[in-house]
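The following blocks contain the structures, represented as C-alpha cells.
You will see chain A twice below: alongside chain B first, and alongside chain C after that.
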Partner chain A sequence: MKAKIISLLKSHSPGYISGEEISSILGISRTAVWKHIQKLRDNGYQIESHSRIGYRLVQAPDKLYQHELNEYMKSKIIGRKIVYREVVDSTNKVAKEMAQKGAEEGTVIIAEEQTAGKGRLGRLWFSPAGQGLWFSIILRSQISPADAPKMTLVAAVAVARTLREIGIPVGIKWPNDILIRERKLAGILTEMNAEIDKVNYLIVGIGINISLNGDVLPDEIASVATSMEEYAEGGISRIRVLASILNNFDSLYQEFTTGGFSNILDSWKDMSVTLNRRVKIHALGKIDEGLAFDIDEDGALILKKDDGTIKRVLSGEVSLRT
Partner chain B sequence: MADLIAPMSGKVQKVLVAVGDKVEVDDEVIILEAMKMESPIFAPESGTVKEIKVNAGDNVAEEQVLIVIE
Partner chain C sequence: MKAKIISLLKSHSPGYISGEEISSILGISRTAVWKHIQKLRDNGYQIESHSRIGYRLVQAPDKLYQHELNEYMKSKIIGRKIVYREVVDSTNKVAKEMAQKGAEEGTVIIAEEQTAGKGRLGRLWFSPAGQGLWFSIILRSQISPADAPKMTLVAAVAVARTLREIGIPVGIKWPNDILIRERKLAGILTEMNAEIDKVNYLIVGIGINISLNGDVLPDEIASVATSMEEYAEGGISRIRVLASILNNFDSLYQEFTTGGFSNILDSWKDMSVTLNRRVKIHALGKIDEGLAFDIDEDGALILKKDDGTIKRVLSGEVSLRT
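Our next item is the complex of A and B:
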C-alpha cells in the first residue's frame, strides 16, 4: 500500500492529489490514507497537505527503500528479495547469518550504514550513513567451488560497467578493485561457504563510495579512496546506481552460470587497468615484480617476471607501478 | 580418519588449529583465499588434528590434502 501511495503522489507531483481520489483508487478509507501519509512522513517523505486540494510530494528521502528501488529494477534473480536496514555491523555478516538460515538465492542485504564493514584480511571498510552503497548479495549457484573465485571478476564487471554507463571512467585492478585515477572507488569482498564439491552459498559484498565526506575520513583511507560525486556532474542518485548494479549483476550472473564466462572475461579485460602494466604483487611479505601480461581462462593473473619467468598469480595485493 | 581437502586452488590465509587440537565437525580449521574470495574450510568430521600439511602463505592446488584429522 505504501508503494502505491508513493506512486500516486509521484505521478501527480509537483501537483496535488486529493485524499478522496487516493482513497477511491486504492479502495481504502480517507482516514487510512491519512495514516499512511503520516507513516511516510515518519520515513522522511516531505508531503504537504492542504485541506481542500489534498496531498503533494515535495521530496522523497535519500533512502534505499525497497519500494523506491523496485521502480528501477529489471532483474530476475538478484534482488528478488531485499532486506533493508538502517544500520548493521556488516552486510556480509548479516548475509551469512541469513544464508545459514536458508535465505534464497538473489537475496540482497542493503544498509545505509555499516559500523564494522568488512574489508579484506579483517580490515574495516569505512561505511558512513548515506554516503555510499553498502550491500551484500547471497548466491547459491550450482557452480563448483573451484569455479567460484571467478565470481569476483563477474562482480567487478557488474560494478565497473554500471559506473561507466553513467559516465564515470573507472577501471578494474586485478582481481576486483574499482579504481579511478588509481584511487579506490569501490571494493568487493566475496566469501564462500563450500564443501569439497558443492557450494553452499557465496556472499558478494560490495561497497561503493558515493559522497564520502573528506573532512571525516580516517587518514589511512583519505590518501587512497575517492567518491563518485567527484566525477559526476549534477549529483548521484544512490537508488538508481544501486538498481543498475543489481540489474547488470543479474544479467552477468545468468551469463556466467550458463557458461558465458569468456565473454565476461573480455569485458573485464576491456576495463582492466592492470594488464600491460608493471606491477608489484605483495603476498604475505613476499613481493614479485614484473609485467601483468594477461589473465587466463580462470581469471588468474599471468605475471612475466623480470628474469623472464612466468608466474600464475591467484592471490596477493597488486600495486601498479609507473 | 579424514582428510581435509582444498575445494579450490588458492592461498592458505590462516590455519586456525594446531596439531593435537580437538575439532568438531563443521569447525572452521583453515581459511583459503583466491582472487579475493575467502573460503573457510570446515572439519569433515570430529576428531583430533593429526597432521597439518600447509602453512599460512602456501599456495595449494584443488584437491590437495591440507590437514589430517583422526
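Our next item is the complex of A and C:
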C-alpha cells in the first residue's frame, strides 16, 4: 500500500492529488490514507497537504527503501527479496545469518550504515550513513569451492560495468578492487560457507563510496580512496546506481550459471588495470614480483616473474608498480 | 575436584578408600566428599559406600566425560579445550556456532548423541546415544580454501592410523571414508567458512560407528555400514579410541602446519583402497569412469579415463568398481 501511495503521489508531482482520489483508487478509507501519509512522513517523505486540494510530494528522502528500488529493478534472481536496514554491524554478517537460516538465493541486504563494515582480510570498511552503497547478496550456486574466486570476478564486472555506463572511468584491480586513477572507489568481499565438495552459500558484499570524502576518513585510507561524486557531474542517485548494479549482476550471474564465464572473463580483462603491469603480490606471508601476464579460466592471475618463471596466483594482495 | 575424587577412587579400585582419607588428601570436609560422591553417582558412576570402610568405585559409566578423556590425552593443540554434551542436533553445527563466536583452535565438541547428525552432501548421519563417536574439531589454520581438501586427508589418516593401531583393518576411500571390506565404518565431514583468499575456520566432523548394528539402521544404510565391534575382540573403549584419534590428529596437524603434508599423503596412499582400482565418480552432476591412478600433492584424485585421457578430480562421490 505504501508503494502504491508513493507511486500516486509521484505521478501527480509536482501537483496535488486529493485524499478522496487516493481513497477511491486504492479502495481504502480517507482516514487510512491520512495514516499512511503520516507514516511516509515519518520515513522522511516531505508531503504537503491542503484541506481542499489534497497531498503533494515535495521530496522523497535519500533512502534505499525497497519500494523505491523496485521502480528501477528488472532482475530475475538478484534482489527478488530485499532486506533494508537503517543500521547494521555488517551487511555480510547479516547475510550470513540469514543464509544460515535458509534465506533464498538472490536475497539482498542493504543498509544505510554499517557500524562494523568489513573489507578483505579482516580490515575495516568505513561505511557512514547515506554516503555510499553497502550491500550483500546471498548466492546458492551449485559450484565447488575451487570455483568461488570466479564469482568475485563476476561481481567486479557487474560493478565496473555499471559505473562505466554512467560515465565513471573505473578499472578493476585483480581480483576485485574497483579503482579510479589507482584510488579505491569500491571493494568486494566474497565469503563462503562450504563443504570440501560444494559451496553451501556465497555472500558477495559490495561497498561503494558515493559521497564519502577524505575529511571523514582516517588518513591512511583517505590517501588511497576516492568517491563517485568526485567524478560525476550533477550528483549521483544512490538508488539508481544500486538498482543498476543489481540488474547487471543478475544478467551476469545467469550468464555465469549457464556456463558463460569466458565472456565475463573477457569483460573483466577489458576493464582490468592489472594486466600487463608490473605487480608485487603478497599472499599468505610470501611476496612475489613480476609482470601480471594473464588471468586464466579459473580466475587465477598468471605472474611472469623476473627470472622468466611463470607462477599461478589464486589469491593475494596486489600492489601495482610503476 | 570431581576429577581428583575419581582419580583417588580409581587408584584404590577394586578396594575402598575412606571418606576421611579423601577429605584429608583433598583438603575438603567429609560432607563435601559425600556431596561430590552423590554427584558422581548422578553422572552414572557406580560407587559403593560402607560407613566404616569408605567408598569403592564399582564401575565408571560409558561416557565421554572430559575428566575421563584427559587421562589419555597427550595432545598440544587438538582437544586443549573439550566441550561435552549429552545430546546435540549436530556437533558440526555446534562447532560452527562456537567458531563464529571465536572458540579457540583445537576446541573439540563431543556428544553422546546427535539428533540431526550430518554426512557429506547434506545426508543424514545416524548417531544414537553411546553407540559411536560423534565429534567435531575447530581448526584455524592459515590456509587458502584451495588447500582445505588436504585437511580432510589429514583427518582420514588420523582416524585410519588409530584404528589400525588397535587392530581394526580399515582402508581409506578417497577422499575421506573409512571402510572395512568396502563397508563404511567412519565418515568425515569437513566444512569451512572462508573468504576467497583465506579460511577463517575449518570444522572437521568425525563419526565412527562403535557398536551400532544393522538392526537399528535404515536398510539402505545397514547394507553398506559396519561397526568396530564386529572386528574387535574384547570390546572397545570409546574413550580410549577417541583420545587416541585426537592424539594422532594432533601430531599430524602439527606436521601439516609445518609443511609436512607429503609424508601424510604417503600414509594416506599406504592405507588407500581407491588407488589402482576402477572407479566411477559422480561430481556436480557429471559422471566419470576410469582407473584411480594417483593422488596429487593437492589431494586431488588423478583419474585415467578409458580413452587414455587424464582428469584431475577435486571432489566427488566415488564408487569402487569390481
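To be clear about the criterion, the second predicted complex is superposed on the first by the 319 of 322 C-alpha atoms of A that agree within 3 Å, B and C clash if a C-alpha of one lies under 4 Å from a C-alpha of the other, contacts with A are read in each partner's own complex, and residues count from 1 in each chain.
Heads up, the rule we're going with is that a contact is a pair of C-beta atoms (placed from the backbone, for glycine too) under 8 Å apart; a residue touches a chain by one contact, two chains touch by 3 or more.
Note that the coordinates shown come from a computational prediction; the quantities given were computed from them, not determined experimentally.
Superposition of the two structures on chain A shows chain C clashing with chain B. Once the two complexes are overlaid on the shared chain, A:Q142 sits against chain C while remaining clear of chain B. In the superposition on chain A, contact of A:V170 is made with neither chain B nor chain C.
Looking at the shared chain after the overlay, A:L9 reaches neither chain B nor chain C. Applying the stated contact rule after C-alpha superposition, one finds that A:T152 touches each of chain B and chain C.
By the touch criterion stated above, A:T190 is placed in contact with chain B and with chain C alike.
When both complexes are aligned on chain A by C-alpha atoms, chain A residues 120-121, 145-146, 148-149, 152, 175-176, 189-197, 283-285, 314-316 touch chain B in the first and chain C in the second. Of all residues in chain C, those touching chain A in their complex are 120-121, 142-146, 148-149, 152, 175-176, 189-198, 200, 283-285, 314-316.
If you check the complex, the residues on chain B that touch chain A are 5, 7-11, 13, 33-40, 42, 44, 56-57, 59, 62. Contact residues on chain A toward chain B in their complex (touch as defined above): 120-121, 145-146, 148-153, 175-176, 188-197, 202, 283-286, 299-300, 314-316.
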